[in-house]
Every structure is written in structure tokens, then in C-alpha cells.
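Note that the chains take the letters A, B, C and D in the order they are written out, and that residue 1 is the start of every chain.
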């Protein structure tokens, strides 16, 4: 049984979680298959550490995703993998004091050696120095991430692929990440100035240029808000998929429904949307594989 | 890409939800493949209305599952489908007063016509009458469900398949269901007496006979407790998979971890277990399909 | 600041969790204050181990709650406390294999010595023997729990208070509990037969007699369904409060909304209801204290 | 019964949600009462729309909170309230297309008129113009929010109080908010440049100056990460309370445990921490009121 066949049965079932997966695959196929769709992918949560790095890289490489809005953390983890450090399988039931003593950081049941981030700091410093001062003294995160991406050798790196394909990775909250603090440290002696207002320009260009706008939201967080709010300037996205484990009752944005988004003009009243309540590392590969299979692309 | 291949990649990833799906498929294959495993399947939540009817029926039919502990509700929905009523796709965003007026009951985003339950009542009455009074005046739910299953024509009915394969469906809380109340109504004029203590006998026989005990828990609820507690009499199950969306922090049994179960002797200290935090209508088909594929069985 | 004053501010705020707490206190006051209300309290989850024993006992003792539908587990924990065993503060981050070795069972972050259940077994055996065989060979759980309650000395025992006040505690799924298995063991040599169909009678009497029906649902589970379904025979409860941490999207009954309940005739279309998404050990004392304060009763 | 008395009983109970509330009140009292504590408050989610505005303002005004890290959204809602617009009680079960047509935005069950944001835009424009160009062409969000706070008349405004008390409100992801986009629009004709790297300076000053560092995390999100990560430079906070409805299993930062934080050096191995799984609009007022009561301060 292929993934597409399983997901097709889920679509036929049509209810509960299965129904949502089926619908999401359908909408993803529409967004990926439609030449007039500009697809925005937003990432929050441990997407890269959680194994989504290849899928996201492929989606950018094959032109399905045109804009990425991501937390800095995911880019940090992308770079450390490019530097040769692997995330390894740990456990939620860890002795965290021991991990601290062993210089290992835990993300759920994922372990990463802290020395990966020391290597990252060196690499960041070196790479930042190579950006002309004139440029880096007032730079958007998109431009910064493009500069970083150009320097990465690893062909599986999201940043490298995005730089090659000229797909912007926009991360206005980048300073809130390990690499963001590296920027701060760099800035103690050298000139660097990040300006996320410039990122709004970059994002708005994509929003205005889009014939149809589609969005795939992984996790939620500020990337969800940033990309959706930008799209209010075109009366909302035409198509939206969100995959989250957050719930709406506390009122936070991450768990907010895509129906609520209509009230803000973030999703068109006539738009199509679906929320899949599921761990993204389960739902996203399932939905993407099924969508690409239905479009006749081998995954 | 086959389901097995996708799940294999999830297993290789090894972390977060994907890692759990991968591990669950591995353990399911072990339980289904091992001749010495007695597999207990527990069901709570809308498994039958949610589309799991065929998968469960197949697992019983092909001998993978040897004991079922289920809420009465799932059996009720199994019978109404056998009587020709279909669960249909509705919406969570329903106008429930309207549904009431239209005589439709809602389960999440699933709709079912109330007249299905009126047909059920007639069928129950007729079928109960055909059970000799001597038997039905003091009967276990397992025996009752066997008697009901023998009368069902639908080859896809879980009850019918279980009756044919002599796989007990044990439901001590059966009275808490629409059909349970039908028993009560029947009992207004005729003799009927349900005794769930007899069900303990039936369940304990299976527990004692098992060389190795495996359990697959869908949803949680009292079936989870009943089956796990019974297994404390053999120092715990050897292998356990639970698929739930409940969380452990409120302390309830449904969200309780399989590690906590060790403290009760419900899972052997050396046993293998995994909890998949996921909607069962997504995770269960995924895990079963992958497990059967790895065993070389076409699904 | 009194609890009532805080909850009043939450009511004034009116939104999100605070708004729900405020509304729940308002409805609880209406149900407790109204002479024509029959209040059904349903309990699932670790209410007794979690510290709710005194509050529930008081509500029964003071006549606010007229019917209890509870899991057997909560009654088991009530009895072991009456036998002098205390639930103690443990941790979710336990080494469960060690707890097993130390003969301690864990419920979330609550520990209880297993020997409490061995004492329970002795007490159950002794107490069951004192019930005339004629009675116990075909007994409802409500009748059984009444008989047990009469034998309990502890004035804080829910069972004892309920027996004294003639408030039925109905537990058709009682066999799914440690004490339920004690019944089974007792039944190996002596006559005992539980018949939950008789419990339906008991519950239905209360439903039919109620002028107005109110329900407070703690946790969910089968008690929620049993009590709500019984009330479909009077077109639904007039007033409902549910406190749960479960969510609706997986379609299970525990997380189902009280709006969905309207489609089944479980809640009157014109009824008042509120769902508080919160741990019951936080929300229930808050709501009850505020409600009683607003009624002028010292808590 | 006072709030403090209720929470004291929860502390005595010591388990499940009640136990966490009790512990959180204890730690909050320690942080508020201790002269050597620098308390960082992080806010994500609908804290201001959800009614937490006054509590937060008071905590800043009375010197209990020394640093705030907040999403821009919460500051936006603070300003619109200062401009005279009220958040009103709506419903989760809204017809969002109708709300859109009526120019109302929904946040959970909270409604706010969109015209509030048009007023905000005017006010932002006016206020930004009054900031000398030299300053606003390269400004931190903390400095910007200070400038905005100085212009707000409403004595209950968090921004106004913070400006008066010189408590920094740090919001490096500010551009991801309605006001953030107003900055962008302002920047189409006028000079403005936000630099969140400067915010790191501000935050790090507070981290380095702290004798003891305490943190109260509402909701999670990037503010949680930013404040905790900054504290890795002092080997972690000494005391931490987080109130969230997110769960750890998907691996995201918002639901991550404070134990996991130890592995990153975000919380000292010997530090004290508690996570309350609860809606912040229920837990935060409860915890703060109880803490202040135990310190002898009338709330």
C-alpha cells in the first residue's frame, strides 16, 4: 500500500484526524500542483532537529515552496548539521543534570552536543566577517540568511538550497536563537545591525506578487502570525494548512483556528483550509508524500 | 513510497512523533508476527464511527488479535453499520440545536441518524428474545456480545467476525451505551441480568493462557485499565502500544504513561512499550499497515 | 481577597479560562442554591487520590449533590484512605521499576503503597461476607456501594457519607477497578453477582424524579456518558458544568463539547452549560468555593 | 476563604494541578519577597486581551517585576486599550465571515474592533514622528517601547507604567505584530530602523546585574526562549515558574519542561522550578494573589 493510497482512504473516511490528513494532502497537492500558487511555509518547533530537514529542502529545491518564514532555531540546527554535527536519539526521561554535565542539550527526546554550537559560533564569526561591513551594518534577516546560505557546502542544508534557489528565508525574530546571540557577540567588536523592518519589505513583495497565496504552517508561533498577517494585505491566503498540537481554548495564536483567521482577513472567506491536530513529524511527511504521489512525482 | 517505507524512515529518524510511530510499527510487527503472543486490543473513543471498523475486523479475522476489550459504544456503532446505517461526514462547527431538530447525533465531525438507534433497539429486542432465558438471566457481556455477533450478517462487522473466530469481545461497562439502555428497557418485561464479574473470568482465562501478552491500547478509558489490570496477575504485559491524545499531567488513567504502568505491575519491568501521542485514526492505520507490510502481508 | 472575589473578577473578565471559571461558579451556585435542582456529580480521573475527597464528601453531606456516578477507582481510593492509608506526594519523574520493587503504585505524581490494596482485599472480603447471600447474588453497584459505605467508620469517606445521606453512588463499570477484581476473587468461592442493569433503574429513578437536572462532570469517561445519556430520557439536563483536560478533536466522549451533547438530547437546547478546560484539582475547588461563598455558605 | 487559604490547601494537597499551583505561589512569593531577586516576566499568548493587563501593570508598578519580555501583540493590545478601545466578550463559536464583515477581529472568545488598530496606526505614526530621527533610525525595541510608553496617558497601561518605573519591555520580535507593520508603513516615507541586537544588550545587562534571577513564563513562545537563553550566560535562573497549556511531546520550546531547560544551562541544576499546566488567565491571578497575600500585601 502506498502512502498515497493510505491517505486516500483517510480522505474517503473523511472524519476526525484521518479526514484532516486526507484533506491536507488534497490541499497540498492543489498548492504544489498549481502554477499560480505562491506557497509560504512557516516553521516553528523542532522541525529540523525532528527530521524534517530533507523534506523541507526538497520542497524548496523542487520549487514547491517559494517563501519560508522560520524561527532562528530551525536555521541554527540546519547549520550545525551542515557543520557535521548530528542530532541523536535521546529520551524524554533524561537526567537533565547529567546531560548538562556531559555538555549535551536536550530538545524533547533529541540530543545535540553543545560543542556543535561552539563550532557554530566560530563559523558564524568567520562568515559574518566575510560580509562587507557596509552590508551587515543594516541588514534584513532574509539577506543575512542568504549570505549564510551561500557559504554552506552541505547540499542538504535548507539555507544552502534556499540561497541557491533564491527562496527567501525570513526570520525577523532571528535574534532569539543561539545564532542570534552570536550576532550580538560579534557586534561587541564589529559592526552589525539587524533590521527586521526590512524583512517586512521582503515578505510583502512576495505577498503582493502572489497570484494565489497558499500557506503551510508547521507548529505555529510567531512565523504563523507573521506570514498570515502579511497576507491580510491581499485579503488573505487562498489556501491554508496548519499542523499543530496546540489547542484553541487558551486563545493563543499557535492553537487558533483558521476560521478565526478569517475574522482578521488572514484567510479569505472563500478560501480553503484545514487544521491537522498532529505532531508535525508524523503529519507533514504523510501529507507531503501523499500530495506529491497524487501529482505523479516520486518522493 | 509504501507506507512501510515511510514508517521505516520515521523509525530511522527515531525522535518525536515520528520515532514513536516507527517504534510502534516495530512492536506491532513483533506482536503480530510472534506465534507466542496473545494480543489484547482495547478500544475507547470513536474507533468504529471514525473508520477503524475494517482494520479491527481484519486484525481479528486474520488472527492477530485474540482478545478485544471495548466500550459498548463501539459495539453499538458496529451494529448500526451492520443494520445498514452509515456514519456520515459532518463538521465540528455544527449547529447542534439544528441537528437535534433533524434527529441527527454528532460525534466530533461525524453524524449519525438517531433512527439508526431506534432500529438498533428493535434488533436488540428481537435478538435478546432469541437468547434462551436461562442464559440471558445471568450472562457476561462477552457471552452476550457473542450471541449478538452470531446474528449479524454483515461480514465486515467486528462482532460478527469475532463471533465466527471465537475471539471474545469483553465489555463489562456495556450497560453504559445506547444498547446497554436497550438491555434495561428489555428487562422491564423480560428476564435479563448482566454480570461483569463473569467477564473477569473470561479475561483472566486469556491472561493466564498467554505465553506472551501484548496489548494495543486505542484511546484509553476503562478498557485500558481493565485489560492492563488483568495482566497484573501475570506480572504485566510483555509488549504494549498505546495511541492516545490524552496527557499525563492531570493524572488520569487514559493519559498515564506506560512507565507508570510498570509501578503497578501492568507492564513488565523488562517489557517493551511505546506511547504514540496521536489521533488514533491517523496513527493506527499507519502502524498496522507498516507492521503487516514488514511481515510480508499485503494490506 | 476571597476566592469568591477573585472568581467574580474572572467572571467580569468573561473570556478564556477565567471566563469559564466565572461562568462555572455562577452555574454551580444556581444548581446548589436552587431547591428544585437534582445535581448529578460524575467523577473520572484521580479525584480522590488528587485531594477532592473532602470537597465531594461535603457536597454530598450538605445536600448539594444528590446522585454520584463514579469510576470504581475513586471508590477504591476512598476506602483505602478510610482504612488509614494515605496517598503521598511523589513525582511524575519517578523511576517506576524502583517503585515496583518498593511495592508502590504511582498515579501521576501520587504514590500509594500496594499494601493498602491488600488491606482493601481483606476488608472487602469481610464486608462482602456480611452481606446476606440472597442480596449479593444479584446486586446493583449502587446497592453494593451502599452496603460498603455503611461499614466505613471514617466520617470523611465519600462512601460513608453517601450511605448516611442515602445519596446513591452508581458505578456500573465497578468491576473495572481493584475492588472489582476483589469481587471476582470473592466469587471464586462465594456467591456474588453484580448487575449493572439494576443500576440503570436507580439512575433513571433519579432522572425521572428531577424537577430540574444539573450535572457537574469531572474528568469525563464513562461516568459522563452514563449520566448524560440517562438524562436524554428527560430531554436533557437543564444545567451542565464539565471540567476536563481532554480535547474534542479526536472525537472521544471525554473531550466532547456540551454543545455536541445537545444533538443527542443530553443537554436541553435551552439549557445552560460551560466547559472549563482545566485540571479538576485546580478548577473544582475554585468553582465550588466561589459558588458556596456567593450563596453565603462558609466553606 | 481567601485565595491564599485555598492555594495553601492546594499546596498541602501537593499533587497534580493543585500541587503545582501551590508550589508556584510559594516560588512566586520567594521571588517577589526576595530583595535580591531580579524577576523576568515573559508573555506570549493573549495575556492583555485575556484580562491580565492590570495584574502585570501592578507587578511592574510595585517593583516585583524588573524585566518584561513580551510579544508585540500584547503591547499592541495594551495600547489600543489605552486609546479607549475595549476588548469584549465574544465566543469561540463565532461566524468568522460575519465578524470579518463587521470589521471585528476574534482572539479565541475575545472580540476587538478593527478600527482600534486604525486608531493605533494613527497614534503610532504621530508618536514615531515625535521620536527624533537620530534615535529612531537605529533603535532597540526596548528603547522604542519606552518612547511609546512615555506618551501613553492611561495609568493602567503596561507600557506607561513600565516607562515610568524604567522597567524595560523587550520585544525583539516586535515587527511581528500589527504595530510592527505600522513601523514598516511609517518607514516607507520616514527613517526608522529597528535593531533587536541592541535588545540583547539590554537584556544581558539585566542578566549580568541580577544577584538572583527568577523568571515567570506565561504561555511560552519566543519570549520564553529569549529570556531563558539570555540567562544561560549566568548559568541559569535560580527560580522559574511556567504556566502553559502546551505539551512537551511534540518537542517544541513552549511545552518544553523546565527540567529540559537544565540541560541547556537555562535553569540552574540546583534551581527551583515548577510548571503549571493551566490556562494563564486562571493560574496567574491565582498564583499572584496567593503569593502577595502570603507576603502580607493586599491585592
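The working rule: contacts are C-beta pairs under 8 Å (C-beta built on N, C-alpha and C of every residue); 3 or more make two chains touch, one makes a residue touch a chain.
In this text the structure is predicted, and so the values were computed from the model without any measurement.
Asker: Interface check for copies chain A and chain B. Shared numbers divided by all numbers used: above half gives same, below half gives different; which is it?
Answerer: same
Asker: Suppose chain centres are the mean of their C-alpha atoms. Which chain sits farthest from chain A?
Answerer: Of all the other chains, the one whose centre lies farthest from chain A is C.
Asker: For chain A and chain B, what's the span in angstrom between their mean Cα positions?
Answerer: Distance between chain centres: 37 Å.
Asker: Distance-wise, how many Å sit between the C-alpha centres of chain A and chain D, to the nearest whole number?
Answerer: Measuring from centre to centre gives 25 Å for this pair.
Asker: Please set out, as single numbers or ranges, the residues of chain C touching at least two other chains.
Answerer: 15-17, 46, 49-50, 93, 108-110, 245, 247, 249-251, 259, 277, 279-281
Asker: What topology does the chain contact graph adopt: line, ring, star, complete, or other?
Answerer: The chain contacts form a complete graph, every chain touching every other.
Asker: Okay, in this complex, where on chain A does chain B touch?
Answerer: By the definition above, chain A touches chain B via 1-3, 6, 9-10, 13-19, 21, 46, 49-51, 87, 89-90, 93, 108-110, 245, 259, 277-283, 285-286, 289, 293, 298-299.
Asker: Can you list the chain B residues touching chain D in their complex?
Answerer: Listed in rising order, the residues of chain B that touch chain D are 15-17, 93, 247, 249-251, 277.
Asker: In their shared complex, at which residues does chain C touch chain B?
Answerer: My answer: residues 44-46, 49-50, 71, 73, 92, 94, 96-97, 99-100, 104-110, 138, 172-173, 175-178, 180-181, 183-184, 187, 192-197, 199-201, 204, 219, 221-222, 225-226, 229-230, 245-256, 259-265, 269, 279-281.
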